[in-house]
Amino acid sequence: MKIGVADTTFARVDMGKSAIDQLRACGTGFAIIRRTVPGIKDLPVACKKLIQEEGCEIVIALGMPGPKDKDKQCAHEASTGLIQAQLMTNKHIIEVFVHEDEAKDARELQWLAEQRAKEHAVNAYLMMFRPDDLVRNAGKGLRQGFKDAGPARE
Amino acid sequence: MKIGVADTTFARVDMGKSAIDQLRACGTGFAIIRRTVPGIKDLPVACKKLIQEEGCEIVIALGMPGPKDKDKQCAHEASTGLIQAQLMTNKHIIEVFVHEDEAKDARELQWLAEQRAKEHAVNAYLMMFRPDDLVRNAGKGLRQGFKDAGPARE
Amino acid sequence: MKIGVADTTFARVDMGKSAIDQLRACGTGFAIIRRTVPGIKDLPVACKKLIQEEGCEIVIALGMPGPKDKDKQCAHEASTGLIQAQLMTNKHIIEVFVHEDEAKDARELQWLAEQRAKEHAVNAYLMMFRPDDLVRNAGKGLRQGFKDAGPARE
Amino acid sequence: MKIGVADTTFARVDMGKSAIDQLRACGTGFAIIRRTVPGIKDLPVACKKLIQEEGCEIVIALGMPGPKDKDKQCAHEASTGLIQAQLMTNKHIIEVFVHEDEAKDARELQWLAEQRAKEHAVNAYLMMFRPDDLVRNAGKGLRQGFKDAGPARE
Amino acid sequence: MKIGVADTTFARVDMGKSAIDQLRACGTGFAIIRRTVPGIKDLPVACKKLIQEEGCEIVIALGMPGPKDKDKQCAHEASTGLIQAQLMTNKHIIEVFVHEDEAKDARELQWLAEQRAKEHAVNAYLMMFRPDDLVRNAGKGLRQGFKDAGPARE
């Protein structure tokens, strides 16, 4: 079983490495194939190629949109493309985007990017190997990176 | 006949459970298949897989977008993907989204999410088994969760 | 020849009925197939099914988006899906949306919804049976519901 | 060789006629097929049908979005659909939209719509018959209707 | 091996020439095919044709959106189409857009457009011939045109 990891040279943190480290910590029984592209708008086809040309069962797509309006627009276009790529292949692509302005400084940005990449790597692993664990967490208000919102019920 | 239910670990209420409880109360003659994914952007392909790989005739897709601009954007991308998934399969996917900022507090959020999930579960049931009931309600200003707007005519 | 009519229980006016009444007044030689769905985001696949499963040559899709930002977003998603459905089938789907905030009160809302539905039903009829009438009206500033803008030339 | 021309009854200027007049002035060796639809959201499938059902090699799609936010949204949806139609057919569709609020009065609106339609008709002709002329004009800051921006270099 | 270059007559700098000059400086073993279209919304299908009709393995799409809201909207539509074209062909299209308002004057605009075109031409070359170089630069905060943001880690 193959898991794809696609990230960018635009991001200011090596998110692909964090995802791969975490995947390796989750278990065995799968190979990891990594691709790096310039920016997030290059991710959709990179992920689709990982699925259709490399045989990946699931892909983790990591990126870091900048803080400007133009960057937000790029993130929207990339996300739309990632959803399309999934619909064209019937495979999940876990999007892990960290907006540069989510963090208050470079230190927090690095922490957030690595943490979110790792927590979503766990999600990808669970979707492949333990999907019932996700059903058990339905409606729990889980977040990746910053702390969980938690369920609305007291 | 199979009905799919897809929800998220991001939501702060177990909307999938509410939908399933209501479906069971509506009638018999169908099986329910449930999947839970991390967030709403994972729903489109999850629903498409329920249709194409599990043979569901209709799917209920439940999620709870957060209150930030970024979350609104995610909801838009997810909705666009859900419509695309329907067009690619010629099956209905009933979107049940509750925006976290639609409710004034956690208690109302829980009530709203459960209520809307249940009312849309009834809609899914009617679409499958009693489509003429929907025609009879055309233009009636029906809402799910909060109270109906009602028809414009006095 | 079959003409499809799809509308919603969300709308506050029975726009489907107005469209059907007008179609019947336009002429004969066609059957009408009607479907009602909960909301406008359910219209794209409903229209596509009318075309591909029921054999409709053209579909009239009627809906009434609410006044909130969230509703405007839904309208955008529905419109995008309706255009996609047309491109996937090579058939026209005439979108008839009345935004609730286009009218100043319930009475005008009802009038506007019925009037626009009827005028677009005529458009659907002309597209099927008298396409040259449309060419003759190219650039005439025609509107449906409120009065025509008219040509820019004096 | 066939060139398609699609326009609307919503537009306040007969842009289709201007495009056709200009095409005829450009040269011979092609037939023109014209379709008129109610509004710009009807253009994508109209153009796709001109390509796939009538055999057009290229289509000119002309429309005049109104000045309201709702109209801008329609223009966006129509443009997105026109791009999709091109990708589904591997044929160019030259979009010629004049926003009603681009002009200061009805007289200028008429001039602008006719001028832009004509200049884009020339573009369509060049794309079919003299593509190298376009390469020679790469980066020249050309505009259609109002005057050219010109190259950035002095 | 063929590399496609598509640009526009709307742009105010001959970005296609800069990309081609740089590609030639990068290495040999490939042919370059160039197409010029009127505006950025014509790029998606032009790129798809370069891939499917001319056999290009990768395409560089260059354009210069204007400073108005309407121009930003065009850029969004073009970008969405470029991503779609990639997903339909499983080939990369490197988008090189310079927004006219990114530069403070015509001189900087020319510099920025040429510089970004060249740096992305290098990216296209690396994606084809040396993909591991990109992996080595993952998370390095690289930019094209203006200076790199650099990694968040000190």
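We just call them A, B, C, D and E in the order they show up, numbering each chain from 1.
Heads up, the rule we're going with is that contacts are C-beta pairs under 8 Å (C-beta built on N, C-alpha and C of every residue); 3 or more make two chains touch, one makes a residue touch a chain.
This structure is a prediction, so every number in the text was calculated from the model and none was measured.
K.L.:
Quick one: how far do you have to rotate chain A to sit on chain B, C-alpha fit, nearest 5 degrees?
P.N.:
70
K.L.:
List the interface residue numbers of chain C and of chain D, divide the shared ones by all numbers used, and answer same when the ratio is over half, different when under half.
P.N.:
Different, since most residue numbers here occur in only one copy.
K.L.:
Can you work out the whole-Å distance between the CA centroids of chain A and chain D?
P.N.:
A distance of 40 Å separates the two centres.
K.L.:
If you average the CA atoms of chain A and of chain E, how far apart do the two points sit, in angstrom?
P.N.:
Measuring from centre to centre gives 25 Å for this pair.
K.L.:
So which bits of chain D are touching at least two other chains?
P.N.:
76, 80, 84
K.L.:
Line, ring, star, complete or other: which one describes how these chains touch?
P.N.:
Ring.
K.L.:
Which stretch or stretches of chain B touch chain A in the complex?
P.N.:
Going by the criterion above, the answer is residues 7-17, 34-38, 41-42, 44-46, 48-49, 52-53, 66, 70, 73-74, 76-78, 80-81, 84-85, 88, 106-107, 109-110, 113.
K.L.:
Would you mind writing out the residues of chain A in touch with chain B in their complex?
P.N.:
Its residues touching chain B are 72, 75-76, 79-80, 82-84, 86-87, 90-95, 99, 120, 123, 127, 131, 134-135, 137-144, 149-154.
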